[in-house]
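Same chain, two partners: chain A is paired with chain B first, then with chain C.
Entry: the complex of A and B
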């Protein structure tokens, strides 16, 4: 039996377990990436927690999580329910909704940055010429994070819509028909039949959203690199800067552990939830 | 003689020939390079790899283009005892850490034997020394100066400002005419912030005060720096750097200088390639001079930077061959071949350019600029760029700190206090790159 598990097990050990253990070990060392690491105990964690930028980044990750736990899930659920109801064009809409997901992140980011938000070359600039004052959200500390989140939302909600549609299609038609005969409208159907029926899928997506939200990096790095003035800094861009520009890999590992902690907490909560539901 | 016997005899003869005295085995020198366009790759393959092969039979240079993260790949490879023969680092600060970790070969013997110590500008050789031992040599150097559109300046009767007061008067005039005074923007490249910080700090505080601060004998919180940062912030508030700084790329802003949308560019010598891209096709004329300076600061003044340094891997199997490649880079033959094709990128720190035959046309502006900068360096009229003389954490702090200063998140005093705290830590741990 162990022979069957060996290929997957060895890949997981080499690619996941060893780097994870090394990252944990590094978080307790001072290491510049050149010389030998030196054990420093909790010094990296003390430095991280004393750094105001860490708290800005953590706050931004929490805001990001709250945005992605609500907005794309709500849009995705709404769109999926509409797709369930319509009889014609469902496949076409699914493709259209899903298309942003398959476009490379760098391209999506550059299109939004240069062709939409840009005050000189983008749609915002065009609107400004018609007297509609729209500032580039990426250029202002108050809006930079939300400007990036809007781009990621555009790219993300279609994925959720397709996932939710797949789950909704598993709901027995008899239940839907019965609810309709009982006079349930669109929102009544959603609230009392569809959402409870696909609750496990929604919960899974919410847990994954928490994990992904603390790992967010690509859109932030391409669009603002954490600026202006740290206003869109998140934990992963902070760790990246610590590691590859400041050559402080120990501190970067400490930040990475904080990121992992949130992911593990979400995973643990999900497993507990599943176990409780299984018991019921 | 059978076919097999003939083959074996051939192999035996070849082996004897290779073992014969005076016959050296063909050697390969590896060099990992950053991402380049196909045209740039072809240029390097022709002028560097091809040029080196023609003059050094028996040694093959292998350039491997490894994308933008080449520095990180190289660092990991060095840690595991591998990596290319030639180590191309981002400058003295990176080379300093690599050398301290024992991953670089001392180059003093090669410098003496191959004459680098006489051929290169001494100041640049001193930047590659760690505790008096030479570990890296700048592949190219850059200088921050002031670019402007000579046609527009002539038409409006403007002259290039030499003092900060003249510059402010001109910038105010430009603002009144609807121009953005400075070519500036950090969209897509946030480190552009430190370029503007570098220029402002050098022109306002002066290189002597900066040198003292880098040596640790004057704090960054000194009034001379507070005054400089207060003015730097005031320039941003007045709109000298443009109202869309965070949405504009510096290259786009530079292109705007052709049409008069932007006024003047405090920029590095790498911008000569932008002159070629934007001014030449439009038939416009660019000009280049020193950055204007405040009262008491020497003029002309060119903050000097090193964007790339060459070293030899301590574990290299072919250090002598790698030294030959570096020697070729610092030869007049290579300089004459590459510079006409790629101005601004291969600004090799050769002390004497007078005997070099250029294999192609070099614009008079570029020639004039390089002479002007070389003379200024020889006179000691140079300043300090953050990406060359500041340690890594301080540099990163400056990149974000400039934004905090400009966007009212930190006062000049708070910004400099933060810099002082980080810099003092790096100075204590020996991370500050050597000063010339």
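Entry: the complex of A and C
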């Protein structure tokens, strides 16, 4: 029976596991991608930790995580609850909310860049001509990261709304009706009945949010390439630049290990959370 | 507490606001694809005064969309075939716990879904470079297969689990061997799952940027999404043309999505929550 699983497993091992193990080894070597790697101990980590940009990137990933743990999850829960209580049009709303999810990140990025943020061709430019001072967020160091996050938010909240709605529909209708008869308002219903009932789904999405927040790459790379002045750099774009522009593979590997560390921590936290809930 | 209850009108108003939010940027893309750039600058929100197709013809030739979309399609189709043939077998043995170490194998696949691309990208790239596999669509479809098949396995597993065991036992009594049982009995039953997986993997491949832009940089192998990102320089940009290219690349996907939305939504939701 192993033969059935072997093709999938061996492709995965060759493409992911072996290179991942090599990345761990590389983090302790100096390598330009072509010559022989040289063992350098912790030098890469020392260089990474001494780099100002690394700390900016790490800080940005943490900000990103905090934004995505709150804003889209709140919007998604709110929209899903509204969708749960309406009688007509649910499918239509769902389809439209999900549309941004299926659009390629590169296209979403360019649409926002040109049609919304752009001071000449975008909605921001139009508003400026009406006297509303809205600068292109991507062009300024204080706002670049948030400008990118807004794009990802647009692309993302509909996914969560649809996932949460699927979970909410599993909540027994009697529970909802009973709460309404008891006089629970909309937010009371959300807080006391619906959110506790789908807590496992919300927790899973939060863990995935932490993992995904440290993987974010496309939007940053396409919209600002980490700029201006590294203000929107994240760990994944930093590692990519280290590897393919500076050919410092050891440093890129060290940064990659930091990214993986956060994902691992989130996964372990989730598994422990599950175990504790199972015990209670 | 009546006052804190949302009335029906308010509920629909808020939901419609969400509708506008989701559709707005897409409508801007569509509207401005038909306008010459000077008109976009004066009024990005207005309807085009006439249907100007010149953006589309320029986009088609500048992003070489005929060629690059064919490249995207090639990689997408190869990946779908590769994922379906490899993931279905793995999903089957994991669902039926046919191998002793099914738990560790499942855990391994689950772990790789959360692995950052950067954790394996760099040695993979330079390894492939040494082997001469850069700018090779087949090599890229193997990378996609490794990246996306854990998701496919998790999803297909739930379909296999739903098949009653009696069915297999009956077939086994008839003396059908494992291989025939899998191909002739099990796979046809899970075909809705295979369609869902094919659609979602197809979507991921068509849209993918990081791997495609790293491994397929040669003009002749570039995918449509990568060629699209090269349309604009940082400072001078023909936004009418860029929006036209965006419409061409995204329209088939959106149409497919609207037609088969149940498959997309259930698949993406199921694969990421039931894992």
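Rule of thumb we're sticking to: the second predicted complex is superposed on the first by the 273 of 280 C-alpha atoms of A that agree within 3 Å, B and C clash if a C-alpha of one lies under 4 Å from a C-alpha of the other, contacts with A are read in each partner's own complex, and residues count from 1 in each chain.
Criterion: a contact is a pair of C-beta atoms (placed from the backbone, for glycine too) under 8 Å apart; a residue touches a chain by one contact, two chains touch by 3 or more.
None of the values given here were measured: they were computed from a predicted structure.
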Partners on chain A (chain B, chain C) - clash or fit: clash
Contacts of A:120 with chain B and chain C, given as first, second, both or neither: both
Chain B versus chain C as contact partner of A:33, first or second or both or neither: both
Which superposed partner A:229 touches (first chain B, second chain C, both, neither): first
Chain B versus chain C as contact partner of A:171, first or second or both or neither: neither
First, second, both or neither for A:5, with chain B first and chain C second: second
Greater chain A contact set [chain C / chain B]: C
Which of chain B and chain C A:163 touches, first, second, both or neither: second
Partner chain(s) touched by A:244 [first = chain B, second = chain C, both, neither]: both
Touched partner set for A:134, first chain B, second chain C, both or neither: neither
First (chain B), second (chain C), both or neither touched by A:69: neither
Chain B region in steric overlap with chain C, selected from 21-29, 39-47, 75-83 or 255-263: 75-83
Footprint overlap on chain A, where chain B in one structure and chain C in the other make contact: 33-34, 118, 120, 244
Residues of chain B touching chain A in the complex: 72, 75, 78-79, 97-98, 100-101, 103, 186-188, 190, 244-248, 252, 392-393, 395-396, 400, 403-404, 406-407, 409
Chain A partner contacts - residues on chain C that touch it in the complex: 1-6, 8, 11-12, 14-15, 18-19, 21-23, 25-26, 28-29, 32, 37, 40-41, 43-45, 82, 85-87, 89-90, 92-94, 98-99, 105, 108-109, 111-112, 114-127, 129, 142-143, 145-147, 149-150, 153, 178, 182, 203, 206-207, 209-210, 214, 225-226, 228-229, 232, 237, 239, 242-243, 246, 249-250, 253-254, 257-258, 261, 264-265, 268-269, 272-273
Residue ranges of chain A in contact with chain C within the complex: 1-5, 7-9, 11-12, 14-20, 22-23, 26, 33-34, 79, 82-83, 85-86, 89, 93-108, 110-112, 114-116, 118, 120-123, 125-126, 154, 158-159, 161-163, 166-167, 183-188, 201, 204-205, 208, 211, 214-215, 217-218, 221-222, 235-236, 239-240, 243-244, 249, 252-253, 255-257, 259-260, 263, 266-267
Touching residues on chain A, where the partner in the complex is chain B: 32-35, 53, 113, 117-120, 136, 138-141, 224-230, 241, 244-248
